[in-house]
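The first chain written gets the first letter, and so on, giving A, B, C, D and E; residue counts start at 1 in each chain.
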Amino acid sequence: MILFWILSVVLVASAVFTVSQKSPVYSVVGLLINFLALAAFYFTLDAEFLAVIQIVIYSGAILMLFVFVIALLSSGIGPFREGPNRMPRAFVPAVAVVALFLGLVVYGIARGPLVPTPHQPTSTIGAAGNANVFGSIADFGVALFTTYLLPFEVTAFILMVAVIGVVLIAGDAVPQPTLGHHAAPKRKRRRESIVKSR
Amino acid sequence: MTTLPKEVTLSIDGLPVTVPEGTLLVEAAKAVQTDIPVYCYHPKLGPAGLCRICLVEIEKTPKLQIACNTVVAEGMVVRTQGPKVEDGRRAVLEFLLLNHPLDCPICDKGGECDLQDYSIAYGQGMSRLAERKELKPKAIDLGPTIVLDDERCIVCQRCSRFDEIVTNERSLVVKDRGQRDVIATATGAPYRSNFSGNVTELCPVGALTSKTYRFRSRPWDLQRTRTTCQQCSVGCALNVDERHGNVLRTMSVPSDDAVSEGWLCDRGRYNVGFYADERRITSPLGRFGDEWVQLSWDDAIELWATRLEEALASAGSASIGVLGGGRLLNEEILLVRHVMRALGIANVDWRTGRQRQASPGARGGTYDDLENAQAIVTLGRPPSQSAPVMDLRIRKAVLRNGARLISIGAHPASSFVPATHLARLSDLAGTLAEVERIAFVWDGIDAALGAEAEAALAKLAAEGKHVSVFVPGETPNARGAEALGLLPAGGALDTRAQLEAARGGTLRILSIFGANPVLHHPAGAAFVREALKRVPFVVATDLFLTETGRLAHLVLPAKAAFEKDGHSFDLTGAVHAVNAAHGAPPDALSDGEVMIALAAHLGIDLPSPRELADWATASPATIANGLGDAALCGSLAPARDGAAGLRLAIAAHPFAGGGTVYFDDRLGELRPRPGLLLSPATAQAAGIGEADLVDLAAGGRVLHDLVATLDGNALEGVVTIVDGLPEAPANDFGEGETVTLGNVRSSRALAGSVV
Amino acid sequence: MLPAFGFALEAPWWVEVVVKSLVLLFIVVTTFAYSMLAERKILGWMQLRPGPNRVGPWGLLQPAADAAKMLLKEDLTPQTADTFIYRLAPFISLIAAMGVYAVIPFSESGNGLWSIGDVNAGILFVFALTSIGVYGISLAGWSSGSKYPLLGSVRSTAQMISYELAMTMSVVGVLILAGTTSLAGIVHAQNRLWFVIPQLGGFAIYLITAVAETNRTPFDLVEAETELVGGFHTEYSGLRFGLFFIAEYLNMITVSCIATLLFLGGWNAPFGLTVIPGIVWFVLKAGLFIFAYIWLRATLPRLRYDRLMAFGWKILLPAATLNLMLTAAVVAVTG
Amino acid sequence: MSPLRGFASALIALTGGFATTFGMLFKRKPTIEYPSVKKQHAPRFHGLHELRRYADGKERCIGCELCAIACPANAITVIGAENAPGDRRSPGERYAARYEIDELRCIFCGLCEEACPTDAIVLTPRFEMADYRRGSFVYAKDRLLVPPQAGVGTAPDERPNGIPADLGTVAEQKSTVDIATGYDATNRGHILKTERRGLAG
Amino acid sequence: MTGFDASPYAALSAVMFFIGVGGVILRRNPLIMLMSIELMFNAANLALVAFSRAWVNNAGHVFVFLVVTVAAAEAAIALAIVVALFRRSTNVDVDEVARLRG
């Protein structure tokens, strides 16, 4: 239980860090910590495979993609410009909405403990590594390729669509703005940002 | 006046040439830009026919002829090249090189040596001489400036012919004959001349070298800048050769026909050692009480500006005096004048020495007028000492053009050409009756004499004679200072009045630009010292801490002549460019730059550089003031009493002075020792022998231990002393004053020439 | 999920973990130091020169000298750098590189595995940590605030993502044959036949991708000195540079160990030479890979970047997929 | 070329490459362990300069600056002066008051040696002149001139009325100054206290 | 293994989810908005894994796996859009992009 509290503190703190950071790179670092904590959670919840998947795919691939994009965008033109945060305008309504829903959810949870409905366990909890043991890769694989084959295939299709979409969106078809169009504001921005960060 | 000379057409190397009749072949060849090698021939010395290197082939003449002494003839066909000519030259060179040592690596001429060049062009490379070369003495001391290397001499006699033809001094000769011939003075005395340095340039080999330049550098290392000499008012063009930031030598500019004709005096040539002297002021110095403090330029200028403003506010512009300017360039003079006028200061006077006037008025002439004059009259100090290269023109006029040389006053005109001496100006009129073209050379000192002369000149001019006037001054650009307005205007104080005001305590600030009135002002050293001590704030710009500088409160390091760019006038009023050839000490500023800084501090707008350049290069005639404007120039007539007794003449000397000459260690014995010059008869009457030590006194002022020199050329009853010697300041005495000689002691050891 | 232990000692499990970790840390750092020396030596020999030979006999103390130098050098931070991330990045690299050793079994004895912990999804754990290691490089490059490191990090990110795919695919064949993701299990599955034989293609692909993943020549575009000065670590100096350096060599050793475990039968003795302890075999096999690395560096020039990417996507990935499908098919058919 | 054959040939090429590098492992290394082992230089190696003397101790250099003008790198500065009659530095009238070579500028081409009319400047096989300051590489007479007892050849009489008798042979005697042990003039090519090993066989 | 209480996980999941919601609403940096979305995904995943553990049923695991896959696709497309936007103009302001004009 101590582990739970430690991890949940890390989880929430890193989530807040992610959302509140000015620089996206810091957000990425926060999110990375968040994902690592989540992986630890999955580990404690006997989802060994998912824990690894969480790190390999989420941290190693998706989040890496963020870093890549950030580096890509800052490589040619410096830190890219972004609009001002909506904080001043939307802070109060946003916090109100979030608090309302959070309140509702917590109320829902607090009204009665979530007593697990007796349900037929599909597997047992035991030594990892073997089939039919909850959370094991074998068990997970069997489930994935039998019961959930259709969703799996659909997901594969979605991935394919995504690949084609990405190529179309970010490919060469997009008109490039002229260099001169970029160059002037770029240098100015760079200096401002250096001044600000000092 | 003369008919055009007949022209002759001949062919040189197949090219037709038309030249005046009588032209030498070697000169005619220059018309087709063919270079005929010469050693003994020199365009200004004429042919001698000694070296035979200029052999050319002339058709229908069986043997090769020397181009330097062959006059062109109609239809002559000349070949300056070809195997025959080259064979001839090779043979001549073989003889010339028989005993010429192979020490080109250490020879100062090596690299600019005609013998070297032509040996490479025509020589045969190896000597066929089996015997050892003749050994001769190498470093023969010819005099204070020149060293002879006898081995290298090819006996072209350019040096001795220069001494004969150009200077007429005739001291250098070829002694002995055959293989024992040697360049020496006829009397065996040291070779002394104001033009001795020219022989090193004339020497086509490295036989004659300057003591100051021996083994200092090789010619290819030198950086050459053409500028204008600022040692006297003649304005000779010269080339400054510099290496590693040191001025090593100055060379004449052979093409400078308008002024120097390619000759330099020894002062212009050798007085360059002061540029690198350690005693030069390298930063502004302030004197507080007895303590000298190095100041930054900002502080120095601010101090000056503040004092000026205080004095202007409390005592007005009449309490401020400005002295000097004769050593400045036109641009600087203009800046000084501009700033002083902007401040309302009228007490400005460039005349810090004896000279009262620099302008020849409306009768100025060119050097050619001087050369072509039928009679040359010198009034006051002769130009032989104050403007030596100008004196060469006079000698030329007398020797070659048959002009009469007449001197008036206490000084003999010249020792080297025949001259008539007249005691007073009034004797002149009869003498000049049949002369058409007259040149007056006045030293500008005796203003009364000047006025008298002007009257005489006006009379001569009225008779339809062509009269030209020359004023060789004490300072190089006195003409510029006067023409560009460094004179007291509208009743303002001239130098003497300023000094008197200073003694009276009414002068608050005195600014002195490149002048040394303590040593040079005729009011006397003691008088000027006393005056300067009473001025609360004296500023002096100079190269060295001179007698005047030591009395100043602020001394600013100035740039010397080779260190600044600008223009100056020569004494005929021609403008010459002065180009910086040498890096000034890091903290030195030219007086012009100082004025710019001062103007910036005082908030004075300066003329634009274009305006400045226009004014600085304008002819002084357009701004000149007339001769004899007594009101402007003031009168400084010394006592010219006709009383019996010895009268004093104060002479100039090229190597006298408290400035650049005094601080040039290399000059050594060229500098005169304090002494006096007497005619033998006068000396005998006073009981003085050659080289005796004598005290000279007049009215309680005494000069001690002057070395007496007897000179047959000196005038009877006149004692001549040298002006501007810091050891024996002559400015305590007046020109023409009656003096007494006493305390005669014999001292053989100090024998030597004084003037 | 308590980790499994190699030695059953009468002590709390965490004491054992700490002790083992410290011992392993020492061994790993020493190995790193001497593999670096070995690299310099072998590179030297291959280039006909002696290599470092000044510090100690045969230059054996060179690593100590290098370490002293690294520690004494000034630690610079560029003015334009993002200080926090700039300082963080080398630690991410190093921790990820070191973390892998938690699951690598070096040998086995009667008491159990010689490893700190035997994670069920061991091989996946390795991949997970490797993918975290990329952050060190890409964040270092981004945070240096200078263009060469940034280019290096962008290159590295693209390269690592591209080659990680092929690498994973090539390993899956082994997993299919072994039927387990546990590293010990995989080694056990090779008791009779090393997987290098049935998985020759996978082995080749693994070797190539492993070189790319560790940014070694000829795939060292990340730090290509001639083009990018030093790549992502251009701005780093002193200790922080040293950390990257250590991480790179640890990664090299890691992939060598993994290759040994997956394809060369781990600590299994070849030809029945069981007299020699398994750990020796393991070290020998891993050492062989390390030597191969150095050999590769001495032999091949750097690839052009577009060729590198094309090679990864157009050759390695299809080849790995083909290998995987073949393996799956064979296993499915033979059961 | 079919892809397969291309693959095969690439494989063969790779194998060849790897074999080459592997083979190098066992080759003898040509490295000379420099500070402890020094290579023997070619007889005409162009190293640090030296200003020679005559056997009677007079400087050979006459300050003629021909080396300076011959120098393509402008590395030599010579300032001449006149020999004082009482204290003759060189046989002739002129000697080098200052002689400086900027060894950092020098390209060791030996043209100064060629240009020298008295064989005064000679390039020795010395080459170790590392230092910490750039200024230290300006070698003046104090470091260039050999000690008085190290003269070579007979001085001509007071006036070198031409060429030293031994011109052209002096440069054949390359010598080196060992600061620690004093001067030892040796023939070209042999270096004191060194050991031969390595390529220069 | 009964008695596993999923409530804390559910609460934690809710908190994390709403942090993500807050991020999406408040921030205008598209990258951080995307990361907030990822946070929301992961909050849901956490709940799924916790419930899966409570029921000892790996359906949740499978679902998480699918979610992760879809998230990867989503992130890739979203980032591609960001890059494309950035190529058109250096100013990546989500509200301006909403006008859908070129």
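Criterion: contacts are C-beta pairs under 8 Å (C-beta built on N, C-alpha and C of every residue); 3 or more make two chains touch, one makes a residue touch a chain.
Remember, it's a predicted structure, so these values are computed and weren't measured experimentally.
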Partner chains shared by chain B and chain E (touch criterion as defined above): none
Target chain D, source chain B, minimum contact steps: 1
Two chains sharing the most contacts, counting C-beta pairs only: A-E
Most centrally placed chain, judged by C-alpha centres: D
Averaged-CA centre spacing for the pair chain E and chain D, given as whole angstrom: 75
Centre-to-centre distance between chain E and chain A (centres being mean Cα positions), rounded to whole Å: 5
Approximate Å spacing (C-alpha centroids) for the pair chain C, chain D: 52
Mean-CA-position distance for chain B and chain A (Å): 95
Shared interface positions of chain B, touching two or more other chains: none
Numbers and ranges of chain E residues touching at least 2 other chains: none
Touching two or more other chains - residues of chain D: none
Touch-based graph of the chains, sorted into line, ring, star, complete or other: line
Which pairs of chains touch, using the document's own definition: A-C, A-E, B-D, C-D
Chain A-facing residues of chain E, complex: 1-2, 4-12, 14-16, 18-23, 25-32, 34-36, 38-39, 42, 45-46, 49-50, 52-59, 61-62, 64-66, 68-77, 79-84, 86-96
Chain D partner contacts - residues on chain C that touch it in the complex: 42, 45-50, 53, 295, 298-300
Residue ranges of chain A in contact with chain C within the complex: 23, 25-26, 29, 32, 36, 39, 43-44, 46, 48-49, 51-53, 55-56, 59-61, 64-65, 67-68, 70-72, 74-75, 128-129, 136-137, 194, 197
Complex interface listing, chain A residues touching chain E: 4, 8, 11-12, 15-16, 18-19, 21, 24, 27-28, 31, 34-35, 38, 41-42, 45-47, 49-50, 53-54, 57-58, 61-63, 65-66, 69-70, 72-73, 77, 80-87, 90-91, 94-95, 97-98, 101-102, 105-106, 109, 113-114, 116-117, 119-125, 134-135, 139-140, 143-144, 147-148, 151-152, 155, 158-159, 161-163, 165-166, 169-170, 174-177, 182, 185-186, 189
Chain B to chain D touching residues, read off their complex: 101-103, 105-106, 110, 132-133, 135, 138-139, 151, 214-218, 220-221, 244
